[in-house]
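Note that the chains are named A, B, C and D in the order they appear, and that numbering of residues resets to 1 at the start of each chain.
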Amino acid sequence: MSGFDKVVNSYEEALAGLEDNMTVIAGGFGLCGIPENLIQQIKVMGTKGLTIVSNNCGVDGFGLGVLLEDKQIRKMISSYVGENAMFEKQLLAGELEVELTPQGTLAEKMRAGGAGIPAFYTATGFGTPVAEGKEVREFNGRSYILEESITGDFAIVKGWKADRYGNVIYRDTAQNFNPLAATAGKITIVEVEEIVEPGKLQPAQIHTPGIYVDRLILGTFEKRIEQRTVRQSG
Amino acid sequence: MALTREQMAMRVARELQDGYYVNLGIGIPTLVANFIPEGMEVMLQSENGLLGMGPFPTEEEIDADMINAGKQTVTAATGASIFSSAESFAMIRGGHVDLTVLGAFEVDTQGNIASWMIPGKLIKGMGGAMDLVAGADNIIVTMTHASKHGESKLLPKCSLPLTGAGCIRKVLTDLAYLEISNGAFVLKERAPGVSAEEIKEKTAGELVVPDFVPEMSF
Amino acid sequence: MALTREQMAMRVARELQDGYYVNLGIGIPTLVANFIPEGMEVMLQSENGLLGMGPFPTEEEIDADMINAGKQTVTAATGASIFSSAESFAMIRGGHVDLTVLGAFEVDTQGNIASWMIPGKLIKGMGGAMDLVAGADNIIVTMTHASKHGESKLLPKCSLPLTGAGCIRKVLTDLAYLEISNGAFVLKERAPGVSAEEIKEKTAGELVVPDFVPEMSF
Amino acid sequence: MSGFDKVVNSYEEALAGLEDNMTVIAGGFGLCGIPENLIQQIKVMGTKGLTIVSNNCGVDGFGLGVLLEDKQIRKMISSYVGENAMFEKQLLAGELEVELTPQGTLAEKMRAGGAGIPAFYTATGFGTPVAEGKEVREFNGRSYILEESITGDFAIVKGWKADRYGNVIYRDTAQNFNPLAATAGKITIVEVEEIVEPGKLQPAQIHTPGIYVDRLILGTFEKRIEQRTVRQSG
């Protein structure tokens, strides 16, 4: 038996069960820490009508941007989008819906979704278009709005190292939304750069405990850089 | 003379204190990092999950997994910590950041700020700006006093959709440093050679001019 | 004959599946860990922040920083992870634990459970029990069918303050395995040598007895 | 200047400013990972009328139990108490108030307090005495109750290793409520077993970022064990 061996050996297997019109939560910030191969596999599968929950929508030809090419995305729930021409075109043509959500609220909605918290209050967005149609309530003399949590049919996540139990650690700022996405998928798939022997990861240093992870796959990554900024050395 | 972008950043940097945790927005706010007084320690928070942002990397150090909220490659300073976006905004929303500096299209006498959306133009999103203005006690808005067409950005009431309501108390423009209090802008400092009259003329919202308004010096 | 505590644990252990994450309460539930079928992997969650609880430590391994929710010294199994109490209950509340086994004073035909408070006695608190019953889809309550004084613990309506409302669907007593459905207990299995009539007599809440009720074997 | 040197050199200095009738949030689970020296210092100071937010209340003569001896605690907000005779005595005599809170809700209240979330919904406690006087609301056909966050005038925390910036890591299950308490204090004090050079702790492996920590002190710890359970070796 192999109940805790989460490793799958192909991206087909990793995304088995993904169907049209499902909701997919994706980790990553800009192009940093995005599950690039899992996104590519969704492109290969041609799944349509997807709702994608992700802070951004990639760029033309990379990251979630590739899912725009064949119009696979019906709706984006994001804090910042439109770094690609295709996105703008589909939005203006009414082929794409966007639900803009403040970045911190988006992160908290994913965490809440994974944590069994159906809704929470936040001051973020009070008095702005984000508050439209949402309950306002005062606590200690300040106004807050009610925000509901998000869960997905699938979560796609990019980790650094993992063991077969699905325990994952992230590397530097490639962590971002990934551990939150991992908690909020009915089926959570993590692709990583290295699969290590069980016991190699310190238990108290694991970012995503294996209980959240359903499938784990070893990948290779391009890791494209969006804004290459350098200083002179020496 | 109106302040240059660098002078604006220099003026904002005078609000820094040793031991401050600071979040700097894109544009002029980013420049503030260049004017941290010698010997003063300040930690920069980047909302994608980095506390203790260091300088840009050298060509050799560059690492796709190390970026800031502007998606630029960066390094981690000594004493840095790295965490999830939820933890990052827990910090911000929970009021743990000492100073937030960000740009805006408009600010009004009620402390409202509009900085993310111009109807009719493509809306890219608010990113972390709404969380930043809602979470911080101490915010400095930096922007030009008037638009390129000469329209004041300091208004009786913001005309654009808001980023946050009633949360701004300090504004630094290229002409003046102002505080918002009791439903009016209060002129606290003038750019060198800029008169209170000129500032009053370019301020659409009510402006209180104290008897003595010091001139900034650089 | 009524089941022994060990037999109760053995019967519960038959509900385990390979790859299950399981939270075991104090008392009989704890014993379930001794009956995990050979070759089956199960991970035990301890709500103080440990997923992958191992056996008790040897004298040499004992470590004050390694305890379980019962405050006993334990070890971490291979593949374990350790985290904060907020993360631990995020797991529990979020429904990520596959099976929860816990004791109770009373259960009723509406799926209510009372397990933490007897009015008039000193109330020590609910600990994590309310989170566990609210968060899990799959809960097995283990308790004796009747009190020492012969009073049924399977009631039409709990008389004690609740731990959770409408959340229990499976009960294993020393006499029977029952499921709760449509406002009644349904007798699914009998302890060896215990008749459906005896169980009916000792069940205060409505009991549905199917035509054939298998006897447990050990 | 030394803005980020959070280290203080005495427990007096560590708890300076603590006054009667304040609220103190304490990390620890049972006797594991408790800020034992900070608690002892509160006993020495004799501060009275305290509201203590902590999962448990120690035992007679150790942990928070020592604050019962001189009746320094007015109210406990806890999930499980009364492992000591003094506690029971004061409770029955009406000298001590207890607000029992489910363990997961308590943890989430602390996290929410630190994270600027004034309130959240949870199914935990619905239909029980815990729900009395609280709003009930349905989300997706299930009933939840509204729980408000907790903050404290002080938070007292036990860490393992820290650097002078106040970045902290915890050891094994001594983590428990500590990182949550650390976020929720107006003034947060952490006592640790070791202070390491800045840069020694991996940035992505820090449990409590220094932004939450106001004062840091090096201590020595008894680490009493509540339930000593062993197996035979070999």
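Note that in this section a residue touches a chain if its C-beta (ideal position, glycine included) is under 8 Å from a C-beta of that chain, and two chains touch if they have at least 3 such contacts.
None of these values were measured; they are calculated from a predicted model.
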Along touching chains only, what is the step distance from chain B to chain C?
-> 2
Could you name all chains that are in contact with chain A and with chain C at the same time?
-> D
Of C-D and B-D, whichever chain pair has more C-beta contact pairs = C-D
Distance in whole angstrom between the CA centres of chain A and chain D is 32
What whole-number Å value describes the gap between the mean CA coordinates of chain A and chain B?
-> 29
Chain centre separation (chain B, chain D; CA means) in Å | 35
Numbers and ranges of chain A residues touching at least 2 other chains | 108, 111, 115-117, 122-123, 171-172, 175, 203-204, 207
Mind pulling the residue numbers of chain C that touch at least two other chains?
-> 50, 76, 82-83, 89-90, 92-93, 134-135
Line, ring, star, complete or other: which describes how these chains touch one another?
-> other
Inter-chain touch pairs (all) = A-B, A-C, A-D, B-D, C-D
As the complex stands, chain A meets chain B at residues 29-33, 55, 78-83, 88, 91-92, 98, 100, 102-108, 110-111, 122-130, 171-180, 207, 223-234
In their shared complex, chain D is touched by residues of chain B numbered 17-21, 39-43, 45, 50-52, 76, 78-83, 87, 89-97, 134-135
Residue ranges of chain A in contact with chain D within the complex | 108, 112, 115-123, 137, 139-140, 142, 144, 148, 169-172, 175, 203-205, 207
In the complex, chain A residues that touch chain C = 1-4, 111, 113-117, 163-165, 167, 183, 198-199, 203-204, 206, 209-212
Considering the complex alone, what residue numbers of chain B touch chain A?
-> 46-50, 55-60, 62-68, 70-74, 76, 82-86, 88-90, 92-93, 112, 117, 122-131, 134-135, 161-166
